[in-house]
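So, here come the structures, one by one.
Presented sequentially are two complexes of chain A, the first with chain B as partner and the second with chain C.
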Partner chain A sequence: MKSATPRKGLLIDASRKLKFTFDGREYEGLSGDTIASALAANREWILSRSFKYHRPRGILTMAAQDANTLVQIGNEVSVFADRHPISDGLTVRAQNVGKSARRDSGFVMNRLSRFMPVGFYYRTFYKPKGIWEKVWEPIIRAKAGLGKLDVTKPTEGYYDKAYGWYDVVVVGAGPAGMAAAIAAADTGASVLLLDENPRIGGALNYARLASERDLVGEAKVHDNIEIWTDAICNAWYADNWLPVLRGNRLHKLRAKQVIFATGLIEQPSQFRNNDLPGIMQGSAAQRLIRLFGVKPGNRAVMLAANDDAYGVALDLLEAGVDLAAICDLRKAGHHGPLRSELTQRKVSILDGWCLYEARPEKGDLHVRGVELAEIDAEGTAGRRRRKIDCDLVCMSVGYVPAYQLPLQAGGKLAYDDAAAQFTIDGQDKGVLLAGSVDGFFDLDDCIAHGAVQGLAAAINCGYKSKRRPALPARDRGSPNHPCPIFPHPKGMDFVDFDEDLQVKDIKNAIADGYRELELVKRFSTVGMGPSQGRHAALATAMLVSKYTNRTINEVGVTTARPPVTTEKIATLAGRKFTPFRQTPMHEQHTAQGAVWLLAGNWLRPAYYGHERDAKRLIAEEVVNARNNVGMIDVSTLGGLDVRGPDAAEFLNRMYTFAYVKLPVGKTRYLLMTNEAGTVIDDGVACRRGENYFYVTATTTGVDRIYRNMLWWNAQWRLDVDIANVTAAYAGVNLAGPNARKVLEKLCDDIALSPQDFPYLAYREGTVASIPARVFRVGFIGELGYEIHVPSRFASELWRAVGDAGRAFGIRPFGLEAQRLMRLEKGHVIIGQDTDGMTTPEELDMSWAVANSKPFFIGKRSLEIRNKTLSSRKLVGFVLDRMPAAGLQESNLVVKNGSIAGFITSIAFSPTLGRVIGLAYADRLDANLGSRIVLRASDGSKHHAQVASPHFYDPENLRQEM
Partner chain B sequence: MRWALPLQAIEELNVKLMTCPLNGPRNITEFQCHGEVHRQPEPSGASDHEWAEYVWMSNNTAGVVREWWCHTPTNFWFLAERNTVTDEILATFPVPADGPLGEAS
Partner chain C sequence: MGAIARSPFAHRLTGAGQTPQNENVVIRDLSTLPRIGFKGNGTTKWLSSKVSAVPDVPNKAIALSAGSLIARLGKEEYLVLPDPDAVGNVCSDLEASWNADDASGERRIGYPLPRADSHSWLHLEGRCIAQMMAKICGVDLRSDRLLQGEVVQTVVARISAVLIREMKDGPYGLHMLTDFASADYLWDVLQDASTEFGGGFSWEREDLK
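Moving on to the complex of A and B:
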């Protein structure tokens, strides 16, 4: 059934027709329509089924505030049908339904409602023990939840973030917000005016309101007012940090001043079947009429408790809706101009009557009529009744301020029981409220208040103005009914539409002893659904106050936390951006077939070749480096230049070893402990000159070590300059018995003989004509040269070393082979073979601690800790073969039924032909030849023999040759 | 020295401003707090107990404390006075050139 005349509305374009489907059926709408308005224009009112009882639900607010309108679009769940625009070919599905919103098998739950009392889950499913996990949870999980998400599908669309800075951000572009923005902008302040709707103007766009000022036009002519529509400020964080959702982009804004002009949220009345489709708020009907040109029904009953309702009634009449009656909760005596107009039009107005029950069509698919009752002396539904047929009920009984953002900003909510009105104050000093959210209900008052607050915000930012507008009076009465709740003995008088909670559920929760609002909330789940209590919080507070004989102010309302409305994880995640680092030789590794491994945030070759041959390839890389010559990219190694007269003294304090007497042209091992004496890093110090050290640090530790050094020197104030040159230098480690022969082909200004360039020496010169820092260290335990060059020469160095080594059968080796070879040598990796308690003594590395020094970080703590040694020690161990169960790092070392330690490194050594590893074990078992028990992940136990951790070449003959 | 976890994890929850003496006002996410300023006792003079107190114990003052902060993109260390009850940052300043770091604690 379509209306004959074309629709006319502020947001729609009647000349552009669009086709979309809902639950598989095709509908026609207009450009500018939301899903809900287009369906309503087609007389399709059912948008979803309720969470628990699967009751049909439709439009309540038309303002994207209620869960009734949540639908699924493609793989995106819980989209507001009354906010999301239609587009050609859009496929929309109802959520929480069996077949469709109209025909839902789950509706049987409606008849079971009396068997599902409040706190049902807590009461029912917990006995006998274990039944929840095994039986109930799977059943309930299948039934519960809104929408169906296919997590295997990739996220659609591009998401990103943006940042912005403003003097004043005004949230809400209604009359007060616009007036505030204009007043602030007039002083010269930079202003952002944002609104969640597609058009600024707020209630001016849909309510029966008219202002003498053209606020929209004034706001638009200001160059220093930026206007964002379809923008949601979803939270307030400290120092006015605002996350604003705008399409797929999350804007993070910093404002000197924020004005919340967030307005009001209209509240429903509670009566039997108050959730039927066709029952909506007055403002929802007005939005349908004015914004979308949709006639909300044919014959209406208006439930009123304020004069705004009369405006709605007149709008309905003008839209061609037959107005059966106005039922006014107030006693007689309200004679505004709107009422006179209604009486002139012979509309029947029942003063002091309430809506007691809405009568449904079959299947509760729509409202069919109402039963009104005269309100008796107690304020409840009396015996005088009247039945009226209708297909539309509009409610205008009161509002709550949209307090979510002000409360997040530290505002406190109080309730004035006499005026039935919330007040907010005490929010952060950078936050102002404007208009109806701050208790102004008259249009001109809102505009005047907005101007005052806008000016105040600008002045707080340091702008000047001679204007001093007057603050409007606050005592003009409130449009809120003190308690528009009329319980029905047969229930279905919903307090919370999201969670299907009726008046009796709140009452029973209180009867069960949950007298405090926060407890009622947790037990009944009221206000915990998608609309976060927007329509339930006040009604719940009213009921708790009524049944506990307290005022609403004493009862309070629950707090508001971010986010204000739904937000997508994709929006928060933004661009999928995982930063990683590549060495300057990356392309060459790729060309050589590297399989990558992430070390810290560096991409490093794990090995070279095909993954299916991993084991063989790694073993080959090891064998070639041990017996011939290999090369590895060590550019990721941390590098620090430490310069200045106090450089040696600085290292002496930072590290455990002694560096003052280290000769120029020599290197020395570095071991760092923290103030507690725990080992935190290692490396090599190369003395380039009397006052100049080149210091290496672990790949993953260098940034932290560098920062740590700066912190200490902020206190010591030694005359030293520290620079992190990690990225400035690239490096190749050339290692193996033939390493010297390879290097000889590349070097003509460094003497390479063992006498001229012995183990642990440091030289500078050129390698392949590239200026280089060269030093002999033995991480993998072979004759080896560490060659560091400026990064821009890195790929040239890699190529030159490869070319020079070709005659010797050089091959690159990756991180896997390197780790294996260092394990064969028993060299620890800090962070893998150490933990938060490891001392040098536990590692048998007391040789690297110069106790004769007056001070190093951790020295005093180690003196204390070494008095009573820990019960553990890092030991080497061997196994003849890997057990079938497999042994891994972190598997336990057990002794007499308790934990003695754990494995830190374990691997099959291709060089030695057996399984070797490092583990923390009982100190008493640290002697060579002792047996320790390793516990595999499956619980099986395996004996291993304690051995020297220097499994390979314990005399170091090979690395020192 | 144990370092706090990167602050990115809690970015959305705690996003105030801090004024770095070198770089001006920046989001708090760019900073790391390194705890109260602690006067290191003379290592050779301190008893084991005094030293352990220094390494492990913190005053956890409810009120205004002087703390170490680092602006992480520039690795600039400075001092701040912060009210630990209200989380209000009262002042930030560079490490005094030759003066004391503040009240010993």
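Moving on to the complex of A and C:
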């Protein structure tokens, strides 16, 4: 159905028609329409079904404050239909419905509501034992929830984040917010004025308000004011850190001063069927009329408790709505100018009457009339009644301040029971409140207060001004009714629309002993729905106050926590930043077919070739390095330059071995323990000069070791400088019987004979014309040279070594082959063959501990720990073949039904033709030839023989050749 | 040294060259140019005897002769960058001078740092640089907050970075030095962040040599 007459509204462009679908039916709207306004223009009022009883729900606020308007768009759930704009081809579906919002078989739950009193979940579904998990939970889970998210679909759209910095951020661009922004900006402060709506102006855009000042125009042209619309400040965090949602970007703002001019949230009245479509806040009707040119109904009843209601009534009349009656909760005696105007227009005004019941159309699809009742002396619905037919009910009975952000900023909420008004005080010193959120309800007062607060914020930032605007008075009365709640014996007088909670539910919760508001909340779930109690908190507090004979101030309200409104996980995630590091030879590895693995945050070749041939390729790489010559990129190895007169003493303290007497041009193994004597890193120290050590550390450990070194030396104050040069030096390990022959082709200024350059020696010279640090080490147990060069030249080194080795059949090998070959040699990998308790003694590496030194980190602990040795020891073991069940690292070593240890490394050795490994086993089983029992992941047990961990070339003849 | 230095971004500089759509964000790779650092006890005193002046406080940079700059990163830590448009010998001269002094037995003269290999070097220029950087860096780099010659040692897209506000007249410029090994990652980060402004990396065919 199309809108009958052309519409005029502040936000719409009548010349641009758009088509969209809702629940499979096509509708026409205008550019600028929200989904809800466009549907309303088409007289479609049902947007959703309620959570529990599947009652039809429609527009309540038109301000994206309630769960009534949550719909699903594509794979995005719980979108506010009264905020999301329509677009051509947009497909919208109702949530939590059967066939559609209009036709929902789940409405049968409405009839069963009397069998579901508050707290029935806790009582009903837990007996007999076990029935919850087996029967009820699956049923309730299937019924519960709002939208349906397909988690297999990727996130649509691009989300990211940005930082921002301002002197003053003003949240809320209503009259007070605009006045505050202008006042602050006039001093020279940089101001961000943000508002969740598509247009600044706040209530000036839709309410019957007029200001002499053109605040919108002033704010827009001010050089120091940046304006963001459609921007939601969703929280306040310490030091004025504000997350602001704007489109798909999360802005992380820092402000010296924040002004919350967040305004008011209009509250509903509680009467039977107060949730029917066609019953809405007065401000919602005004938004429909002024912003979207939508006539909210044909015949209305206005429920009033303040003078704003009369403005709504006049707006309804001007929009062509027949106003059947105004029902004012207040007794006679309110004679503002707007009321006079209505009286002149012969509108029926019933003072001291309440709305007792709304009568529904069939299926509760819309309101079709109301029953009014005169309020008796006790303030309840009396016996004098009147029935009126209508299709629209507007409520203007009071407000609560939009206190969520101020409360997050440390504000404390108090309630003035006499004035029926909340007050907020005590928020962070960098946070100010402006306008109606701080209890100013008159337009001019709001503007004046905004100016005062804006100036104060700027002055707090250090800006100067001679202006001193006067603070307006606070005694102009409250627009809030003290208790607009009129319970009905048949219920359906909803306090919380999100959770389908009625007056009797709150009453019964209290009767069950939950007298405190926080307990009522947890027992009844009031305020726990998507609208987070915006329309339920005050009504609940009023009921708890009433039924426990306390004031509302004594009862209080529940806490407000971030976020203020819905936010997407995609927004929080933003663009992912996952740093990774590559060696300078990365592209060459790619060209050579590297299969990658991540070591720390480094990408390293695991092996070269196709994944389906992994085992064969790794074995080939091993065999080639063992019998010929191979090359591996070791650039990821940590590198630290330790320089200064105390460099040797520093290493002596940091590591277990002794370095003071290490000759220049020599290397020595490094083993580091922590204060507890646990092994935490290893490497090699190369003495480049009397006062200069080049130290290697494990790939994943170097950053931590570097920090450790700085931390320790901050205390020791040794004359030493430590530089982390990991990225600055790239390395190639050239290994295999033919390694020397390859290097000889590239190197003419380093004597390479075994006598000139023996095992564990360190030399400097050029390799392929590149300045290089070269040392002979044997991690894989073959003749090997580790060549470290400045990173800028590393790809050239890799090319040159490959070219020089081509005649010898050189091939690169990856991390997998290296790990296998070091296992054949029995060299441990720190972190893999060690854990949080490992001592050098358990590794049989006491040879690397210089006990004669006066001090090294962990020495004292090791002395104590070595007096009472642990029950375990790292042992080598062999099996003839890998069991069918497979054995893996971390599989247990068991003995007499207990855990004796675990496997740390295991692999089939292509060199030895059998399975070899390292494992922690009972110390009593550490003797060569002992048998240990390994338990596979499937529980099967397998016997292995303890062997020397130096499985390959135990005499080290090959690496020292 | 016969080998040619290679930028960690080299494999990204392909084809005939690239020029961003506009001058909002223009990123140039300067990683093949020399640069050197010094730190450790005695650095300030030693450097002061070798150059016209050093910044009086950390996180400041000043211009040296011939367009080069010296940035003070700490009480005893410095970074020297040559003029990208007219690379002189400032870095190699300082290195040679240090080596000579070290060889002659002078002590407490600090230690050289291999900044040309530990850090990649990018120059970012254009009117939207600060706006673009706000997407990847938590420090306010707007031109009225980060003045010419000011230095920020911070984190950009989760990796450590040294940022130096360009001191030459002209559009807003920023020197960015980050981990050499993270260049590939950084390329994608910057390309992504600058796309919104029509910006990106800029190089010419000659840069590929």
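Heads up, the rule we're going with is that the second predicted complex is superposed on the first by the 953 of 961 C-alpha atoms of A that agree within 3 Å, B and C clash if a C-alpha of one lies under 4 Å from a C-alpha of the other, contacts with A are read in each partner's own complex, and residues count from 1 in each chain.
The definition used in the following text is that a contact is a pair of C-beta atoms (placed from the backbone, for glycine too) under 8 Å apart; a residue touches a chain by one contact, two chains touch by 3 or more.
Every value quoted in this text rests on a predicted model; they were computed, and no experiment measured them.
Counting the residues of chain A touched by each of chain B and chain C gives the higher count for C. Using the contact criterion defined above for the overlaid structures, shared-chain residue A:G164 touches chain C, although it does not reach chain B.
In the superposed pair of complexes, A:A936 makes contact with neither chain B nor chain C. In the superposition on chain A, A:V878 makes contact with neither chain B nor chain C. Of the two partner chains, chain B is the only one touched by A:R860; chain C is not. When the two structures are aligned on the shared chain, A:R704 is found in touch with chain B, with no touch to chain C.
In the superposed model, A:L597 makes contact with neither chain B nor chain C.
Chain A residues 252, 254 lie at the interface with chain B in one structure and with chain C in the other. Here chain A touches chain B in the complex through residues 237-239, 241, 243, 252, 254, 572, 674-676, 680, 704, 706-708, 710-711, 714-715, 717, 836, 854-855, 857, 859-861, 864, going by the rule given at the top.
Listing the residues of chain A that touch chain C in their complex gives 160-165, 252, 254, 575, 577-584, 586-587, 602, 635, 641, 643-645, 719, 721, 723, 725-729, 766, 768-771, 790-793, 795-797.
Listed in rising order, the residues of chain B touching chain A in the complex are 1-3, 12-17, 27, 34, 43-44, 46, 48, 51-52, 55-56, 68, 70, 72, 75, 77, 87, 95, 98, 101. Of all residues in chain C, only 1-8, 11, 31-32, 39-41, 107, 110-111, 113-114, 116-119, 134-138, 140, 142, 145, 157-159, 179-185, 189, 192 touch chain A in the complex they form.
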